[in-house]
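In the two assemblies presented below, subunit A is common to both, partnered first by subunit B and then by subunit C.
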Partner chain A sequence: MADQEKGAMERREETRPAERTRIEREYSPDVDIYETEKELVLVADMPGVERQSVDVDLSGGVLTVTGRVKARRLDDGFGCIDCEFRPGDFSRSFALSEEIDSSKIEASMSRGVLRVRLPKATPESRKIAIKEG
Partner chain B sequence: MALWNWTTDWDPWSALRLAARGTGWERQAFPAINVYESGEAFGVEAEVPGVAPEDLDLTVEGNVLTISGVRKGDEFKGTFHRRERPAGRFSRSLSFNVPLDGGHVEAQCTDGVLVARIAKAPEAKARKIAVKSA
Partner chain C sequence: MAMNIVPRRKREEGGELSHPIDLFRRQMDRLFEDFWGETGLMSRFAAGEAAFLPRVDIAESDKEVVVTAELPGLSEKDVEVSLSQGQLVLSGKKKSEREEKDKSFHLVERSYGSFKRVVDLPVALQEDKAQASFKNGVLTVKVPKSAEAKSRKIQIQGD
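Now for the complex of A and B:
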């Protein structure tokens, strides 16, 4: 398990070799990940992210979720007196060990929570037919 | 708030909290809240992803604003690999240095962020004083 985690971290570094051009902060969203027989489900908290500003990408066995946060809604007359968070975008990547059927990935966004369902590839589609020689 | 007063307004922990965010070793209270002030009102932003508006309560009593509610967990069947999102009941109270006007509160929840404007009680509002010429 520890080794898998390390692998995921190393890969994550590899997938983001370049610096961002935007100056905004980028946070790592809190996630739940669970697995059933048929699929892997990722749930990520991305408060302040609209549906249109979410991006889910699976390439090279690495799943990346990104969300852009809209500027906050209080008008200029308000000055911050105690701020626990600053608006920033969200991004996080995971190395997937299961074979995922990428054509059937479904993602939905509701109340600032992203849900991604990643169906596992069926054994039939992964099976390689052996010819008689 | 006319002038920034370091004896009362400076919060040495705010920078630390911001720096710690997203690193995983901090477990801050849920929800994270930003507090703003104008002459007439206070503004509050709270990050409440996944909370339905009907499960969210705002109450004003004297100079205390309380944000409470419940965040329902997902129904799932399977094995958890990661579980970082808190679920269940939550409640946070903010006490202000002036009384609030519970009759003038506007609150809206969009994309998991609650934005509320709470008017200051009439006696606490900033007053503009006209200066007469002699």
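Now for the complex of A and C:
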């Protein structure tokens, strides 16, 4: 059972087309995404990440969330007895299908959980005024 | 404890040294308890809760043992830590945020529910000197090793 248990908890490593220049691992955080009438909300578990080390970026319709983790223990002289995870950064990208008002994106970080609110563009702001001609 | 897998033998009077089979029985009981017990995976599955089990690292240096657990979204108030006889028990509950009805979920990967993890620490420790801290969703418990457990370098004498 121990093996199964570990399997269920295993972190997914994020794979990218380009190699990283840092030696630390990069993990894909567990994410919930839900939609309300007005906004899209993304919630990501990033344990060990401080508020200052989070980066949220939207470009070309792709939202990327990144969290850097300081190597938090395992200083010199420490050895693993039983390690189910190793410190590593978190990163994940999503293609957004809804029209998002990128000027109003808000992100907050609390207790290792990142929450990004992506307000939908209002119909008014999308509408193009037609002039009389 | 909910059940014992290996039948309990009547203990003879006068207190004996623990028999290896007693040790084996304890380990088996714990294994089954983790799965079938009150807060085990099975009961949480039956209660419709997604199984949240924090990941745990155990590391050691010459002087101490450090246990780190990933508990994103939890605070020190949501977690109980106890340590006795070489067993560290982490328990608590990660609350679900999914009650609101006007939400439609596109992706659900984060898990919720009660959890309990029992971690066996393999060396003799000064359990009364354990320290726990919580930061950014990571719980760290540090326990200094007892004097006997600290590693010593042994000089090898030549001829």
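Keep in mind that, in the parts below, the second predicted complex is superposed on the first by the 108 of 133 C-alpha atoms of A that agree within 3 Å, B and C clash if a C-alpha of one lies under 4 Å from a C-alpha of the other, contacts with A are read in each partner's own complex, and residues count from 1 in each chain.
As a working rule, a contact is a pair of C-beta atoms (placed from the backbone, for glycine too) under 8 Å apart; a residue touches a chain by one contact, two chains touch by 3 or more.
This structure is a prediction, so every number in the text was calculated from the model and none was measured.
Engineer: Have a look at where A:Y27 lands relative to subunit B and subunit C in the superposition and call it first, second, both or neither.
Structural biologist: first
Engineer: If you stack the two complexes on chain A, which partner ends up touching A:V113: first (subunit B), second (subunit C), both, or neither?
Structural biologist: A:V113 sits against subunit B and subunit C alike.
Engineer: Quick check for you: in the superposed arrangement, does A:D101 touch first (subunit B), second (subunit C), both or neither?
Structural biologist: Neither: A:D101 stays clear of subunit B and subunit C.
Engineer: Between subunit B and subunit C, whom does A:D82 touch in the aligned arrangement: first, second, both, or neither?
Structural biologist: both
Engineer: For subunit A, which residues belong to both interfaces, subunit B and subunit C?
Structural biologist: 30-37, 41, 43, 45-50, 72-74, 77-86, 110-113
Engineer: For subunit A, which residues are in contact with subunit C within the complex?
Structural biologist: 1, 5, 8-9, 11, 30-37, 41, 43, 45-50, 72-74, 77-86, 110-113
Engineer: Which of the residues in subunit A end up touching subunit B in this complex?
Structural biologist: 27-28, 30-37, 41, 43, 45-50, 70, 72-74, 77-86, 110-113
Engineer: Where on subunit B is subunit A touching in the complex?
Structural biologist: Per the stated touch rule, the residues are 1, 9, 11, 14, 17-18, 21-22, 24, 28, 32-39, 41, 43, 45, 47-52, 74, 76-85, 109-113, 115, 117.
Engineer: Along subunit C, where are the residues that touch subunit A in the complex?
Structural biologist: 31, 34-35, 41, 51, 53, 55-62, 65-66, 68, 70-75, 97, 102-111, 122, 136-138, 140
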